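Multiple structures are listed underneath, in structure tokens.
Common to both upcoming complexes is chain A, partnered first by chain B, then by chain C.
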Partner chain A sequence: MSVVPAVMSAVAAKDLRMEARGRHAASSVMPFAVTMLLAFGFALGPDRPLLAQTAAGLLWLSATFAAVDLFHRAYRTESDDGALGGLLLAPGAAGGVYLGKAAAAAVQLWLLVVATGLLVALLFGLPVTHHPLLLLMVAAAGVVGLSAIGSLFGLLTVLGRRQAALPVLVLPLVSPVLIAAIRATQAAVSGDPGQAAGWLSVLAAFDAAFLALGYLVYGHLLED
Partner chain B sequence: MSAAIVLAGLTRAFDGAAAVSHLHLSVDVGEVVLVEGSNGSGKSTLLKVVATALSPTFGSGSVLGADLVRDRSWIRGRVELLGHEPRAYADLTAVENLRFVCALYGLPGALAEPALERVGLAEVATVRAGSFSRGMRQRLALARAVMRDPDVLLLDEPYSGLDALARLLVEDLVDEARERGHTVLLASHERPRPGLVHRTVRMDAGRLHEEART
Partner chain C sequence: MNILDGAMVAMGTRRAQRVLALATLAALAATAVAGLYVVPPDVEQGDVQRLMYVHVPAAWLAFLSFGVVSLASLAYLRTGRIRWDRVAVASAEIGVLFCTLTIVLGSLWGRPVWGAWWTWDPRLTTTVVLLLVYVAYLSLRRVADSAARRAQWSAVVGVVGFVDVPIVHMSVVWWRSLHQEATVLRPGAPTMDTSMLATLLLGVLAFSLAYTYLMTVRLRVGRLEDHAAGTVMSRPAPRAGVPRRPGPVVVGGTVARTAGRAGGLDA
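Up next is the complex of A and B:
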């Protein structure tokens, strides 16, 4: 196996194993997302059609805000005991480290979006049964975009301890991904697979662009 | 004898203040050099620059003939820096930590268990590193060096947090590296046992002041 795929799979497996044991994200990110959804639900009131109309946006908003904490936590484990130094000194591995961190974050976020999506379906009446496979694909494409950006800028939270900069950097940049994910979800639940597929293509393009950018830039951020 | 480490007028500054200043040093292949100096003298910065964890601000240098800036990736494959932090993941077991290092460096994962055996951690191989004492974490870091068997070994205050037995282990590792013709740069404010190092250099306020062959 060449360096990048091997490092990517090792970093992703390591991050997921640590999360499975420590349940750091599960114990804080999930309750945060659920609390946000409930707060939105109470704020909008018992108007069922309004809730169903806004459900896709609420789902992705809660996932995005919860994701910011997840990205921060993913790097906090690297700063303990100087583990990040070990990643830096691995030869030619920066791109693989970035893709591995992004892959692990995407898996966790996908589970979060699917779980909160089911909750949204239950509470807000989001019709998820029309095109479930398409919705799962939208969820996957959306979380890849979020993870591509968050895993790049999450690194800044451990370099120079600029934790406060993470939401400032991440939230504006994820806007295109967020908009495309919301529109694709709305189209899929309203029974318009053609429009959903169109937005899914836009999401895929964003994913590819952000992943390529992160892959190229990550090594420069990691150095010095 | 060819040079393993060559530094020519090397300066490394942080926010304009030089931690290492106009440093000239040449270390031969197979040589073991002790870098002495008090806290803040620039020993750690020197080792980090040689390990390519930090870039020189001015000056140049090479490790095994490869340029410190241009050939960073190549150098990283041949150098191991054991610094102040053991670089272990608390939620991974000792053996998982080492296998992860193997994956990063393209080494077979089977090297992990013998390395743990070598540093006396075989019995806690499947225990999470988060429950280890500082000394045990230091041993885990030593196991990384054992496993990688680098051409150039950089030890930054390796005696810190270690008991007498573990100190012997560090010195045995240095001896073994020397026997295999590997180069060791050992930064410490504590004296190693007599005969362990070929040469001692002293750092003070970022400058190399004196040099003595032992």
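Up next is the complex of A and C:
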């Protein structure tokens, strides 16, 4: 048990170091999110009030789709050269590896959501300046929920020869996180911090449930 | 556990399946007759309300099926016995069938009564998310490249999906209650006529029998599938110059034939 925090921080630090040096996510996941935002803009038209009304949803949708790509990518690096096998040979480490992968994904996604949020503020007129601290917390709670599910099932994309359809698996499961994150963001930007805080606590409860569940079952995905 | 084993064996025989099939047909026919001809039409909704006698049992069975999937998945993760995986996948397939039926029938009912094929009601939304989770469950089973892996992965999805469902439901309820647009009231049970309630219960019985029958058939298919896969896999791969079984002494003719076949395969 006591090895779990050590494994977690080692895995998370490794993933973040790789990203800091290679900038794989920054060079492909971020442009993907931005492209999607533009596509949403084209779909909805240049109607300013409509865009401002839907901006919170569009922000989280583009973050979620980009996140699915990120989860896949995070495990691709492990499957190269059989790195995953080495990682899992560490005794009793499965839960720690899961938490580490989730933590690294959450940090990257948080940066992605914050950057995309600023862009949404510029493009769609999302008023982010009312409660910036609350919004940053909502972003953090939202990305932890996404990472908890994504880092669990992202593993399935690299085990075996055929690749599991990650979006089909992840998107229905994260729908509660998506609903809570979008509502919290909308409440925060429309100047209702009480309601936003309520949704934030709901989101935190979801995060805890998904993380605990992922921690418990992760080892089973690795057994043959 | 022994009682359960005995029940599963008893249900798996051909005679038991024939009896179940006949009982299912009779109960479904009785539900159709009672629901369409015997019970009077609803005062407010008219004949449309008759859909309830199949819609509600379908919904009930869908939730039961997915409950069985999660319990069997949990049992598989704890014991590692492949039988639980067979129970889980059988129930998941039937659950997807009933869940689709529920949504289609509900939609047919909603169009004349609510004036819309679909509303973002918490129950409806949760049911669709549930359906998508188990469709993903079935699609994941096609991806796994070994039987053990398939069982492990789908058991994990079975457990996570089950925990996800109440969370989805809560999130949608809060989402709707904070943004109240249209409150939808379904026909309440307390005001139901006795003959209507009896027909509904008959429908539930018929659908439960259908579920049991389909389960026994699917479990038998699962056993046969595993048996077939097992026979193929346990056959040793032929190699040139190596006799098939290392243990017993093999007569010349057999060796020559084995070697010949192996040579043929290698060529």
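Going forward, the second predicted complex is superposed on the first by the 219 of 224 C-alpha atoms of A that agree within 3 Å, B and C clash if a C-alpha of one lies under 4 Å from a C-alpha of the other, contacts with A are read in each partner's own complex, and residues count from 1 in each chain.
One rule holds for everything that comes next: a contact is a pair of C-beta atoms (placed from the backbone, for glycine too) under 8 Å apart; a residue touches a chain by one contact, two chains touch by 3 or more.
What you see is a predicted model; the values in this text were computed from it and never measured.
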| task | Give the label of whichever partner, chain B or chain C, reaches more residues of chain A. | result | C
| said: Which partner chains sit in contact with A:Leu118 here, chain B, chain C, both or neither? Use first/second/both/neither. | reply: neither
| said: Quick one: is A:Pro176 in contact with chain B, with chain C, with both, or with neither? Answer first, second, both or neither. | reply: second
| request: Would you check which partner chain A:Thr77 touches, where first means chain B only, second means chain C only, and both and neither mean what they say? | output: first
| query | In the superposed arrangement, does A:Glu223 touch chain B (first), chain C (second), both or neither? | reply | both
| said: Let me test your reading of the model: by the given contact rule, A:Pro91 touches which partner, first (chain B), second (chain C), both or neither? | reply: first
| message | Taking the superposition on A as described, I'd like to know which of chain B and chain C A:Val7 touches: first, second, both or neither. | response | first
| field | First (chain B), second (chain C), both or neither touched by A:Leu152 | value | second
| message | Let me test your reading of the model: by the given contact rule, A:Arg17 touches which partner, first (chain B), second (chain C), both or neither? | response | first
| Touching both chain B and chain C, residues of chain A | 223-224
| Contacting residues of chain C [partner chain A, same complex] | 77, 129, 132-133, 135-136, 139-140, 143-146, 148-149, 152-153, 155-157, 159-161, 163-164, 167-168, 170-172, 174-175, 178
| query | Which residues of chain A touch chain C in the complex? | reply | 149, 152-153, 156, 159-165, 168-169, 171-173, 175-176, 179-180, 183, 195, 199, 202, 206, 209, 213-214, 217, 220-221, 223-224
| message | Taking the touch rule as given, give the residues of chain A at its contact with chain B in the complex, in rising order. | response | 3, 6-7, 9-10, 14, 17-18, 21-22, 77, 80-83, 85-93, 223-224
| message | Looking at the complex, which residues from chain B come into contact with chain A? | response | 51-55, 73-74, 76-77, 79, 81, 83-92, 96, 100-101, 103-106, 128, 137
